[in-house]
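Naming follows writing order (A, B and C), and every chain is counted from residue 1.
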Amino acid sequence: MYELLAELFPICRSITGDGVRETLQIIKRHIPLEVYEVPTGTPVFDWTIPKEWNIRDAFILDEAGNKIVDFKENNLHVVGYSTPLDRWVTLEELQEHLHSIEEQPDAIPYVTSYYQERWGFCMAHNERVKLGDGKYHVVIDSEIKDGHLTYGELIIPGQTEREVFLSTYIDHPSMANNELSGPVVTTFLARWIMAHPGLRYTYRIVFVPETIGSLTYLSRNLDSLKKNVIAGFNISCVGDERAYSYVRSPYGDTYADRIIRKILQSSHPEFIEYSFLERGSDERQYCSPGIRLPLVAVTRSKYGTYPEYHTSLDDLTLVSAEGLRGSYALLQDCIELIERNRVYRITSCGEPQLGRRGLYPTLSKRDSARSSRAMKNFIAYADGTNDLIAISDLINVEVGDIYGIVEKLLEADLLEVVSADPGEPASRHQR
Amino acid sequence: MYELLAELFPICRSITGDGVRETLQIIKRHIPLEVYEVPTGTPVFDWTIPKEWNIRDAFILDEAGNKIVDFKENNLHVVGYSTPLDRWVTLEELQEHLHSIEEQPDAIPYVTSYYQERWGFCMAHNERVKLGDGKYHVVIDSEIKDGHLTYGELIIPGQTEREVFLSTYIDHPSMANNELSGPVVTTFLARWIMAHPGLRYTYRIVFVPETIGSLTYLSRNLDSLKKNVIAGFNISCVGDERAYSYVRSPYGDTYADRIIRKILQSSHPEFIEYSFLERGSDERQYCSPGIRLPLVAVTRSKYGTYPEYHTSLDDLTLVSAEGLRGSYALLQDCIELIERNRVYRITSCGEPQLGRRGLYPTLSKRDSARSSRAMKNFIAYADGTNDLIAISDLINVEVGDIYGIVEKLLEADLLEVVSADPGEPASRHQR
Amino acid sequence: MYELLAELFPICRSITGDGVRETLQIIKRHIPLEVYEVPTGTPVFDWTIPKEWNIRDAFILDEAGNKIVDFKENNLHVVGYSTPLDRWVTLEELQEHLHSIEEQPDAIPYVTSYYQERWGFCMAHNERVKLGDGKYHVVIDSEIKDGHLTYGELIIPGQTEREVFLSTYIDHPSMANNELSGPVVTTFLARWIMAHPGLRYTYRIVFVPETIGSLTYLSRNLDSLKKNVIAGFNISCVGDERAYSYVRSPYGDTYADRIIRKILQSSHPEFIEYSFLERGSDERQYCSPGIRLPLVAVTRSKYGTYPEYHTSLDDLTLVSAEGLRGSYALLQDCIELIERNRVYRITSCGEPQLGRRGLYPTLSKRDSARSSRAMKNFIAYADGTNDLIAISDLINVEVGDIYGIVEKLLEADLLEVVSADPGEPASRHQR
């Protein structure tokens, strides 16, 4: 995963343009993505797909001809969607188009202006203060014209039409945790899912530009998403090792919330749970009123909470193979739980006689009961009203340990399935 | 308000009689009250309107002819509804008819005996202990006879028949916080409401003798109260500066509870919330089983909780213009919230594009989102299931700040009204 | 009660056999039990009634002919359901059939093997370590053959078919708290119930062997139990003085939970509430999925929580007349509450006029309200939605004090019964 991330890192992505296309082509080497192009001007809900932006080069020369800012060195140097330019400007005029962060003087900030035409450069504050009076030659070799918004989609069919939805975004230039960790972990997760044919659920996996891309995807797939998706995960900022966290759905009560919370509680009990008020990525669209997919955002150090966020400091040193692997394992656990989760009912009236099935000691001493306590507690609540998550909560046993109990009881023909699909799609929710 | 209070202070009120009539006539100079007279003997639910009581004078003379207790000095000196009397009694007999408070030796207590004929005097304990042996001439120039119970009502029609109900009482003799602060604040609140024509709700405002008066009013208006009142406030003890408080409805779950709690939380977060077990005024009737109006009692230092309560110490020095003004402002805030409250739904699918409407910065830097965070959070929960109070709770923004957000979004044509009347009258409640 | 317990103590009981029969015969001297015999081989749900086991004698002799273990001294010395035997064995072979507790070296443990044929002896660890090498003559004069499972039942009819269910078990050899305290308290409780004809509810009281006995009883009476039982109590370990406790039903929400909790809160506020995860007796069957009777287990020092549990230390010194009496009184209180509990509604609209009925002082002073505060608070919540338990919770008055209020208000004709049966049988529950 780290290698793929490093390969994608140098590409200059934006919400449209060739950077997105190149990124999707590289990912396509790993998974059979379908790539879609949606024309500029297409209305998507309250928005319109903007013109396509591409950039070849950009720099600032001082009077002596020294390149003091160079896009080719770091693509964060140019404000996203900057208009083409080739001019001499005074320092004073230049300053109005410069962005830097006084408190992080070595960091180049990440700035964009998608929906209003302007130009600008970003640079380290330490460099900016060195700028002397005089004239500067400012060049931006970019192009803004009618074109397309590009996104990728992979659908892995399962036994039912009900879907698990994974979304990640691909519109940021060279930053590692936010955002390349997301597409990279998602790509490998998709490979792992494809390697397990016969799964119960259909997996719908999308790589979209943030906001306008998720809105575009929603506008073209809303009915089926609301009808089929039982749990969704927006995957972002999953590459560092400092934390595990997630952002709740608006009311914290969806199937996705229950899944991620149950897994984090057992695997990373120190995890951080953010309110929906702390949202920031495409969960803003997926969970908005009128859409309300059952979806959470899965993160390690969440956007907006770590100092390197949206600067050049979010680079390849911030993420690690270990950090990516942790997120990958976390999401695998979520998927395993979704696949295994059922509402069961014990078939016997009264407790079943476990002893004659070898599931309970035949010699009854004072401590006999303890050995099979978890199984007996599972049975006590396998009453056709609780799924595995609810039972895990009720009996204080991790779901991972419940899987084995279920298998033994199924072998003994003591369980029946009351519901194979405990999750409900948005079309069945009230709000 | 303080001036009106001082003007009303000397009048000797009781649950019936000329004191009530005089009080209502003075209030009528400020607001167009309709005054009603209900005859003695009229059954009101489990009760009957008692005979009317009026008193001209009362005093106790010692053998030397000194007036040692004088009704004209303080009308609390006579037990309410004392029967007429002109007799010489021994000290021993007199003692059986005297009331004082040992722990508050300078206070004249307030005592009544509405439904059993007796006579009595109240006096400071310090004076009582000075009484020497001998005979006393006791005179009570009162009259108990068939007459009427008197109350006042003002109905200010609004756009809908749904009503906000304000009730206060006018049966106590010369005491300031309990009770004159109530009628005075209510009078000025009524004036303010009348000064704002075009309000959504109808305002029903009553000035009644406590208990028998509210029962009488209920017995004559029960159906329309249960059908129309969405929020009621019993206004009492609202003149001092020591506290803000309210008494919850029986289950604390009515619209009136939500309104007062939301306003107090933001304007006076140190407020005291009393359980319905701490009730004591007309909320006892308005919230009783079978009636259950959605109503709370609004108080500053609540009856029963402050040392001067029901004594001559509850005088003009206990209340202040500032104290009255605070209650007036509090109730104005409640009314503003009731008038503004709606259940809204955002009209866009997905987040609306605030940027092109000037509601969001077009240049996206790391901190851009913060500036419009409250508006975006409002939108996230404007899903047609939450009124402004619920959204305020969900997004931790005071309702006062939400009003402005709503106005901007209405201007931008981004909100639709799902319910213009979030409050429910008692006839739609289950209990 | 203590005398009956001492009389029953020496009998060697098991889940079948003459010990059970003898026990039931002795109890029958106190209450008119109906005794049932169910043949070996009868299927009961997932189980089958086992062969009947009886034992006359058992001992171990050393080479010198000394009786080192003697069943006649303590019937715990033999593993329950041990097969017949008359053999010389080496110490090594003997050790495989011996049971002792290293941490409690003076205690003989209680061990059984109902469903797998084996033999064994239990002894104090201190004695076991003294065994020298050599041969031992092992004799078990027992018999395992087709026979019956025996249980007792007493039904005391009430005014309605709705039932209160009391269950206790009678299959343990000589141990006092677990289990003889249970049958003894239950016997005297049955006598007390019979001494009060005209009770509202029917009382169904059973004395069964644990697990297989309760399963047998359920399999023969399931429909009527689910249709009629509104509250059940499994009575066990109720003889010592160290604690009061109960085991909640699976979700802690049944009528039985509400009853026992309310009584314990007022009579023994230091009581222990165990989760259903801490269950261990016949509540395992009565509350299992598919049955789910509204039942709790009532205990003092609960099985599994006290050091003497399931050993010879649980003897006549562990329990006391006072301990038994406490449990007896507790269950009487529960029954009184069940019999008295109703959902009432006050018949007056508005507060009733208590004063003219002598229920409220006619002279109103500052503290008048306090004296009848509990009655007025009761009235405030007697709105036809709360039973006495709910009102007790709402107004912070013990149910014992509420009984008197109810009687006064019924005398005054101020209450009507909205529901005479607040408890619901399992057939009306959802899970």
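Here is the rule we use: contacts are C-beta pairs under 8 Å (C-beta built on N, C-alpha and C of every residue); 3 or more make two chains touch, one makes a residue touch a chain.
Keep in mind that what you see is a predicted model, and the values were worked out from it rather than measured.
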Overall pattern in which the protein chains touch one another (line/ring/star/complete/other): complete
Rotation in the CA alignment of subunit B with subunit C, degrees, nearest 5: 120
Interface residue overlap between copies subunit A and subunit B, same or different (over half shared): different
Subunit A-subunit B separation of Cα centroids, rounded to whole Å: 55
In the complex, subunit A residues that touch subunit C: 345-346, 348-353, 355-356, 362-366, 369, 376-377, 379-385, 395-396
Residue ranges of subunit A touching subunit B (in the complex, touch as defined): 44-47, 79, 99, 101, 109-116, 118, 120, 211, 215, 218-219, 222, 250, 276-277, 279-280, 284-285, 287-292, 304, 309-311, 430-431
